[in-house]
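Letters are used for the chains, namely A, B, C, D, E and F, taken in the order the chains are written, and counting of residues starts over at 1 for each.
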Amino acid sequence: MMLQESNRIGRIAMLFALADAGETLTTPLPNGWRYCTGKVGSMNSQKIVAAMETAAKSSHIIETDVYRETHALYHAIMEALYGVTRGQVQLGDVLRTVGLRFAIVRGNPYDRKQEGDWLAVALYGTIGAPVRGSEHEAIGLGINHI
Amino acid sequence: MMLQESNRIGRIAMLFALADAGETLTTPLPNGWRYCTGKVGSMNSQKIVAAMETAAKSSHIIETDVYRETHALYHAIMEALYGVTRGQVQLGDVLRTVGLRFAIVRGNPYDRKQEGDWLAVALYGTIGAPVRGSEHEAIGLGINHI
Amino acid sequence: MMLQESNRIGRIAMLFALADAGETLTTPLPNGWRYCTGKVGSMNSQKIVAAMETAAKSSHIIETDVYRETHALYHAIMEALYGVTRGQVQLGDVLRTVGLRFAIVRGNPYDRKQEGDWLAVALYGTIGAPVRGSEHEAIGLGINHI
Amino acid sequence: MMLQESNRIGRIAMLFALADAGETLTTPLPNGWRYCTGKVGSMNSQKIVAAMETAAKSSHIIETDVYRETHALYHAIMEALYGVTRGQVQLGDVLRTVGLRFAIVRGNPYDRKQEGDWLAVALYGTIGAPVRGSEHEAIGLGINHI
Amino acid sequence: MMLQESNRIGRIAMLFALADAGETLTTPLPNGWRYCTGKVGSMNSQKIVAAMETAAKSSHIIETDVYRETHALYHAIMEALYGVTRGQVQLGDVLRTVGLRFAIVRGNPYDRKQEGDWLAVALYGTIGAPVRGSEHEAIGLGINHI
Amino acid sequence: MMLQESNRIGRIAMLFALADAGETLTTPLPNGWRYCTGKVGSMNSQKIVAAMETAAKSSHIIETDVYRETHALYHAIMEALYGVTRGQVQLGDVLRTVGLRFAIVRGNPYDRKQEGDWLAVALYGTIGAPVRGSEHEAIGLGINHI
């Protein structure tokens, strides 16, 4: 439904992250694009970062042994975390925890070929006190060239 | 399609902000909820904040002459801007500009009545150099009780 | 002595936090206002947050099982910590520790009834190296509607 | 009333900043200590910094032509502004304005002579939308050796 | 003298930025690497960013009409500015000005060819009050894949 | 080679930090200046701070039992860490580690005697994932009066 213009990589990643179990995007991914999704919950920000890096590598979104790809992903993850944490990239240190769905999409969102591949990291979930129900939603998006 | 669980206020606001012209959400808003949407583009962060405050007031999402409502909105806007700016809430000062769609939703996303109304401010658009095409997508979400 | 205008909630909270043992404020709290005070010292920022949340709940400043109240308090605490930490909300991670007195006050500081209750969280104490005497004073204040 | 222990420079500065017109501190300043107070209101953070620097120089709290003294004051002012702004040292850029009383105190708050002079910069006032009444209190304290 | 290992791009860029007029690096740049240097002084952070972007484009360090190259440079510049500003990427807004030499170097600092080109942006100069002599040195380095 | 003007304390400290084993600066330190250098690697930011404080004290760059000296050093270290971390002074919490050389220099970089001693803390090394080779260079400089 939502995806008319098919190459907006951040929007696509966010729709994946927002999608509930069983929902599917109504527009196919552009040719040659790759993505993965996953879930992670923790008070430990290190684990959040690690879960996304592991997913991206095991899904072959990025090449494990090429540092520039890891570097591109790392900064996209950090930028997405700014949106989720809104001020200080801290979770347990300030007594809060997150439960997140993430989507990582790789492709060229621009018309011209020389723009190459880009990464979008989208996060959607909840943030709050480590008490069931004491939480509200949070969202983040990071975009980087790769 | 996407909205199975109807009271996730942040997700609803983000889907509004992501919606292209002519798209409509497939699930109705919960009873009594209100929202507005709009567009704003500027290098001037002050104008971005003002555009959302004006829209929320003229659409009667918040009461103009009750400070607690303005205060709740202001902090939700600032939290959404963290996601868009990812590190420093600055635009022109660091030579970048944004073109954003915004959605502001008001309602009680929790089961219990005493949680009262909450606000979600969602931003979706582009950020980049003040040169056509030198930009990528950006997203932000702020949630606050009101 | 200091409180001529009786409804400045932040000033009242700060005077409570600054008060030494045995000192009392010379002006009574406005009718219906509630407050608590306490002390906490730690290198662990999580413990600082937890001590204030626990005090506010056990003193019935906020209602334990209403999330909007916990949410209001949490953000007021975080804002107060910005003043204490001045740049990064970190303690032990950057090898420093705090010893703080805190005061949490709840009431309506505005003339009009519909502004409802607000919270002020005031912190006063010392911050420094984990070595006796290697420290200076620090202060923070967070204000939020509830 | 409040000052039992006479050399807590941050507490003294904050009590000066909190004092209403006509109020006086009940305990004298330690011998040889100097202070000044003032008021400044602006959406322009540059003007806030300048007002305090000018006051400190014209009141001979710091020596105008010794850079180390200006440097010490500058960082104390910046630390105080963190408390007032709580996240981003920005005012008009994020559509808010402040009205502040400030106090700058100079003296040696430690027992040992070789600790030399220190500076405390205390800020107390309101922050909010550029609309009368749409504001709440804010406080900041910066401490530095000089 | 200093450059034994010839491919440390950040170190090379910093040595260029530190070099006084007439000084030359004693080790040649690796084959195929490009660089430019320049100077910029301003209270206006926008001008600092613009000066480096202009220099990099006019010196053909990056391709003007490929956004991914502009994007890589922009983030490297922003990272370098974090080092110079140490907390808030603001200059005139907090009443300070900078006088900077910059060096931008492009090349592959890694052994393996598939790491491709990287950018280093190095800044060296002074930061301080807009008064001659009221300033101290500041340094920043940003590194990004391109 | 590089040091023509002999009293630029930040530049000297950075050249020390950039120097490889066996390299020496071609210009002597100004009379009466002191410095130390060292290495530290960790995911734990607390250890980074502690290593520099310990080195400065054991090398008699600062006086161990004078708090104003510890305070001056602490803030110079924190400012240097802003350059290395570029946004959030966090290492392991965001799944990254550093390997750094540091140099701490003490002296008066100004013409006039009353400016007294200043400290420069320079950091040079790598930052990245806790995987060999997945890292790039990072630099930071902090300057403070003492």
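Heads up, the rule we're going with is that a residue touches a chain if its C-beta (ideal position, glycine included) is under 8 Å from a C-beta of that chain, and two chains touch if they have at least 3 such contacts.
From a predicted model like this one, the values you see are computed outputs, not experimental measurements.
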Worksheet item: Copies chain B and chain D touch; is their interface built from the same residue numbers (over half shared) or different ones?
Response: different
Worksheet, complete the sentence: Overlaying chain C on chain E by their Cα positions calls for a rotation, in degrees to the nearest 5, of 180
Response to the item:
For the pair chain B and chain C, the C-alpha centroid-to-centroid distance in angstrom is 30
Fill in: Chain centre separation in whole Å, for chain F relative to chain C (CA means)
36
Practice prompt. Give the residues of chain B that touch two or more other chains, as numbers and ranges in rising order.
Written response: 67, 71, 87-88, 90, 93, 110, 118, 133, 136
Response to the item:
So, in the complex, the side of chain F touching chain A is made of residues 87-88, 90, 92-96, 128-129, 133-136
Fill in: Complex contacts: residues of chain E adjacent to chain F
1-2, 4-5, 8-11, 14-15, 18-20, 23, 26, 79, 82-87, 109-110, 118, 120, 122, 124, 133, 136-143
Discussion item. Under the stated contact criterion, what part of chain D meets chain E in this complex?
Written reply: 45-46, 49-50, 53, 67, 70-71, 74, 78, 81, 88-90, 93
Worksheet item: Can you list the chain F residues touching chain D in their complex?
Response: 66-68, 71-72, 75, 110, 112, 114-116, 118, 144-146
